[in-house]
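Below, chain A partners chain B and then partners chain C, in two separate complexes.
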Partner chain A sequence: MSCVLGVALLAACAGGGGDDQDPASDGAGPASTARTVDPGAPVSDQPIPHLNVGLAGKVTLVDPAENMESGLFVNQLGLEPLLRIDPEGRLQPWLATGWEQVSDTVYEYTLREGVTFWDGTELTAEDVKYSWDHLRAPESRRANYFATVDTIEVVDPYTVRVTLTQPDASWQYTPAMWYSVIFQKKFAEQAGDAFGQPGTLLVATGPWKFDSVNPATGMELSAHEGYWGGKPPVDRISIKAFADDNSMALALRAGEIDITPTVAGPTGFDAAAGGNTVTTVETCANTLLSIPTQSEPWNDVHVRRAVAYAINQDDIIAAAQGAAAGPAEHLISRRLLQPLGSDEEIDAALDGVQTYPFDLEAAEAELAQSSVPDGFGYDLTVTAASAAMAEVIAAQLGEIGIDITVAVLPDTAYYAALGEDEKPFTFFQTGPCSPDPSWASLFMDTDEAGQPVGLNFAEYAPPEVTQLLADGLLEQDPKERLGIYAEVLTHLGEDVPYVPLYAEGNTYGSTDYDLVEFSSFWSNLPWVLNLVPE
Partner chain B sequence: MTGRAILLMIGKRLVALVVLVAILSFLVFSLVHIAPGTAVDAYLGGKPATPELVQLLTERYHLDEPFFTQYWLWLKDALVFDFGESTLTTLPVTDEIGIRLGPSAFLAVYAYVLTVLLGVVPGIIAALRQRKLLDRGLVAGAVVALSTPPFVMGILLLYLFAVLVPIFPAAGRGEGFFDQLWHLTLPALALALCVAAFLLRHTRASMINVLDQDYIMFARARGLSWGHVLFRYAFRNALIPVVTVSGALLAFFFAGAVFVEATFSLGGIGELLVQSAQSSDMPMIQALAILIAVLIVLANLLADLAYVAIDPRIRFEGRSA
Partner chain C sequence: MTEAAVTAPRQLTRRRMKSRPPLLIGLCLGFMALVLLVAVFGEALAPQDPSQQDVLGSLAPPSAEHWLGTDGLGRDVFSRMLAGARSAIMGPLVIAVVAMVCGNLLGLLAGYRAGLVDSLLMRWVDLMVAIPSLLIIIVVAGALGGGYWLAVALLTILTIPTDARVMRAATLEQVPRPYVEAAKTLGVSNGRIMVRHIWPNIAATAVANSVIIFAGSLVAIAGLSFLGLGAAPGTPDWGQMLSENQPLLFTNPVASIAPGIAIALTATAVNLIGDWVYEKMSRRGAAR
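For the complex of A and B:
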């Protein structure tokens, strides 16, 4: 009987979302347009006394070196970086008005004058140095983003100089990312170990100040009257923590939240929220099927190519419940290459890269050439959240005689399995990307001895690729870099350690508001400034 | 039972509690230890990290120490009520539990009161109206409620009373007594209905059984009023099974409400327990296991004391916890 009720209930909740319209609306509307107003200014002046924001997950603390998961999406309402990345991947001013690459390894940033913290004191280069030193300390979760930084110096009250240990073309974007946000040195020094924790919080420059954080229920913020971009139009923001999409969708439907920027399953959310509530924009991250290239029979390239041909992205995208924004051709998203050249130049560079459109005959032909022509059995190891899509992949590989068993692990056991010497056959979302193509080298990471480490779950480490990835960071000329990354993609096309499954999308849900510039980098800045009434 | 005997019983239970907590903490520690994945795996969550950070975290949580050393390091702090920091959120365990304790306790007591009201009262009515239409209706309703898991009931109530007819809030737990009462009504109902249905059938059967006893007929024959017989004799005896389940029920509502907590985004103890178990968050798991064990023992002690109040003939001297 409980089953009968359950089915009836789901049907009732889905009422209103049953039309044929695709809930995702990629490429259309304000979400895909860039901010055109001055730095710090709101896109819409319409006053909003109280904005209720839904968030799937908790906000446990606000220290940018330690906070995690959902907190990362709302921390930047109060904490700002020096620069902004526009939707095309170009740098724009924010807390810094100017920046200059003095040499291959030296960068200088000129701070905006007259920026005040929430307590009225002025932002200076000392605060920037202190914040970045805090974020790159060994115990910081963000230390890896500052790995090539040698020193951070205060040149004068409005100038900060960063010296790298070696040329690193990806550094240019770091001062625009969520992991390089600025807070007040004086308050942090006084707070000591309690810095950023719920009872202590921190002091920063953003348009909304943190009033309180409750790790169980959410967060309260109020307008910073002396904000350098002008008084923010939203007086109060309440962040409400939800356990999942479904309860958040019902809260939106009941009018208890105005917007949520973190919808994980857009199709289900939209159905529960009553329809026409979600907007999805493609990001620079691709979800990847990871093949353990050092384990049998995957060490045979023909097996990997057979898998790549057997994957039908259309069916996988349909199974992604709206989380997929479109097909993905290469491990390095085209969006990551855009800062390096024009569309024609990118097309020309990628011309010779092998791709694997869905082709069962080609898949069978590859498998026939391999060491396992009659197929084989293997586990596809995933977390519970990915189980449904894993079944689709298992069915697709079953077509060519690869008998896949979906092994579902609890999250922590899954992360432990990824750390084992023998890597699992799995797939994963690659998440918040930075705009530089070198970001994708995380999945081909090696240690100094050339052995695969970190997120290199495919254990893919040919010396020539490792060299190319190193050159990609050392080289400063965009055209040369485009050539280098195209060559990396050529190797990936031949060796197939990863099979791209789909381009990931970010989704917000609201019936009253739109978010301008909801690009891959939306959460790096105080995004409520980009709110416009529908 | 004399006051001295009662004190002796309480003393014995408290000693048993200490032994229980000691055994439990070791068992839970061992089980988490052998489960795949460590706190560092959960903390990093498949995100990029420097080898230095991994090393620092491993040392911070003593994961490179032998098992018994790890347990001893935990125990020696726990003995002075220092339960450490959550390995997942880095916040003090007692703070994290503290902010969830009030609402979870409120929800548990609220759900318990609703369970008793919706179980006992209709149960007595059904027993008095045996085989009449009202009895059949109540029993049929109880079967439906009994077959509906709390999380399904939760979504149904949420959809009906927060979305279609928005009388109650869809999420959150409120602040202050009346705000909490308003916020927690639907979650408490979702938790209570299933168990209340069970209690209704239980009370009905037990009441019918008592009403059939000779002493009831005898009391009636002596000319005592029906109301007097019902509440003084029948109800009091029928109440004993209800009191029996009360302790377990309170503890269950406190720690076992995870699905309902998730449906209504309450951020309670149940959710914290599941989250900490998923992330091998040893300090949190240990503190919660102890808290729940203490609550179960205390709730059962209270239930036993309530027995004594209802029927002073009941003795516990020969029993331990």
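For the complex of A and C:
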């Protein structure tokens, strides 16, 4: 999985269940089946003395408020959330045994009794409050996920109450996500500013303890014997850092690693690893072509529609070399709408939404109506990792007279360009998403003055869409919410600030193990508990 | 028949054989002639459009249709190899020629005039030579966004001092010689002495050095393209292909190996030809 933008800005990837793909095994395998064992229990009891896990990238720290990219995937082996999201997007117990929406703005969580930290002390509501306060502090990278939280209170040692400033339908999923994990208050207070750093680490409740972190080479973990779900089946886990897929694939082939949950280019990885090694599962995230709607000539909707018609998703998916799980129709994927209604209801709601199937004649007709009927030149700004895909897009737009130059920037320069006032014409993987359609509002985000901010790289901020997005959070009735988000998609279909390129897939690589429930939400929980020998 | 009459044809044959390049050099010359031909006419010779994508036909192994298979975007690797020869040759040629002209002039000037001119030029050369060239190029090209001609310009600037230093040393060796003293005595201008009298005697060094610069630049530009700081994405370029096709090492290995072999063979051939030319010119110079 390569969340070009997503991981950097949003971090770990997640999504919904459903039509999973498994190119390697040519059918649905364990990856697309749900856990059926009790919370905290391993799917397989087979003991594994030592598991070597490959990871593209480095683990630099373990503070969940700060860590990025690869660190998130290993953090979840030791840090747990209160709830679990199953592959269908439903909430299930984990550290919390119960949860209740007391009113539109008040939620209460009942903690599992007898959960102990790695040092043997018991998890209490104080630890939950402290963890969430740490994660929602203004300087935290995760603060935006807690934006509507007003107060977090300890009702009793096993009950936490969260009061929101306003109704927020997306909050229900937050306690199940990687950005709401729990750690020990006492240790964090003692550690102070060193909390989560390689020399200090942290104390949590997960099945594997963090023994050491070496930002250059990886991480060592060992089993938490007193884990509330029973003794973990894997005694020791070594996380090994790799620079790229190829070296990781060769390590898998040589037996140096047993599994990697983060394969960016499945086709190349599989070939290098010896074949039949990868499993890809579709997520709820879509890769998006972002059109700077405030810049000329993109401020002409006919230009944007021409681009949408000119994009041939089949070629884009083929060029993704296995990283794409399928075509994408809308910015808000169908998976995100599934919690709001049945398939028929979703079909009915999306019936009037404009889509843009590949059609060069229609593209040329749209361009002919635009302010640049003879075409124009523009830069498609990307990082080196996306250059090949950018060349495909450039060739496709070249067919209708849009002369695209692929401008490759170093990662830091690219992210700086995204922060400029004049946004680049670019595309990015959106990566992580919660099961709620409100997640997509990140890409239409506005400030209080209605100006585009944050990840709204298309600078798309019509007041009516902003209002609809706000209504989508306030509204509690699923059917009403489905209608609201269908209306948002109708606006997006007409205005085309983003062109969906493909549905993103998560891929793991292994010859010895499968990962059960490798759904979009795999990285929210200690995923090694879901390991089963092939 | 006299003895002389019998031996003369044999001596003639031996002399002719000596003047012919050895087999290895002949192969190198033939190879470079081919590379130059492809560099000039590569796009026209390519059996397919080097930029034409066929994504659904990507990663095809070598076949009658695609001699070296296809890359990740379904482009014909053989056609891209042919088209890529131009950027492989053009940049190093520009660097070698510009560095030779500038470096020779500066080296001659420093070596011949000596004194303050020599000191100033050589301290500048010392400064430039002390800079880790490749690192500076990576930093500057990275900061300015990269690009093939930027890489060529940076390499040229950083190569001139090296050439100037070599040519200065060669000039210093010539300056005390009687023919230079004689020219001075006859009132020949300094410029004429440098260009018409000294330079022909150090031309072998100049040519050999330029050939080395050419070969080094070929590898350096390919390296910069490999790092994404040379040719633009999508451009048929051997270094770029090496980088783009690296992930294909296990799907279509030829796609990533072929440009590497082309770079290595071209650099080797140029170096061997340079050595041979140097020997030949030195021998001729010594005979004179």
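Just so it is clear, the second predicted complex is superposed on the first by the 507 of 534 C-alpha atoms of A that agree within 3 Å, B and C clash if a C-alpha of one lies under 4 Å from a C-alpha of the other, contacts with A are read in each partner's own complex, and residues count from 1 in each chain.
What we mean here is this: a contact is a pair of C-beta atoms (placed from the backbone, for glycine too) under 8 Å apart; a residue touches a chain by one contact, two chains touch by 3 or more.
Everything numeric in this text was worked out from a predicted model, so none of it was measured.
Model built by superposing both complexes on chain A: chain B and chain C fit together without a clash.
Shared-chain residue A:I311: touches no atom of chain B or chain C. Looking at the shared chain after the overlay, A:A407 reaches chain C, while chain B stays out of its contact range. With both structures placed on the common chain, the touch criterion links A:L469 to neither chain B nor chain C. Contacts of A:V115 after superposition: neither chain B nor chain C is touched.
In the superposition on chain A, contact of A:A285 is made with neither chain B nor chain C.
Once the two complexes are laid over each other on the shared chain, residue contacts for A:L529 go to neither chain B nor chain C. Of the two partner chains, chain C is the only one that A:A395 touches; chain B does not reach it. Taking chain A as the reference chain, the count of touched residues is higher for B when chain B and chain C are set side by side. When the shared chain is aligned, no partner comes close enough to touch A:I332: not chain B, not chain C. Between chain B and chain C the least C-alpha distance in the superposed model amounts to 5 Å. Overlap of the chain B and chain C contact sets on chain A: residues 246, 409-410. Across the complex, chain B is touched by residues 1-2, 5-6, 9, 12-13, 58, 60-61, 66, 68-69, 138-141, 143-144, 147, 197-199, 214-217, 240-244, 246-248, 250-251, 253-256, 409-419, 428, 442, 445, 453-455 of chain A.
Interface residues of chain B facing chain A in the complex, by the touch rule stated above, are 35-38, 41-42, 44-53, 56, 89-91, 95-96, 99-100, 103, 143-144, 147-149, 152, 155-156, 158-159, 162-163, 166, 169-173, 261-265, 267-268, 271-272, 278-280. Taken in their complex, chain C has these residues touching chain A: 51, 53, 55-56, 58-59, 72-73, 142, 145-146, 228, 232-234, 244, 246-251.
The part of chain A that touches chain C in the complex is made up of residues 245-246, 249, 265, 267-268, 271-272, 314-316, 318-319, 321, 384, 387-388, 390-392, 394-395, 405-410.
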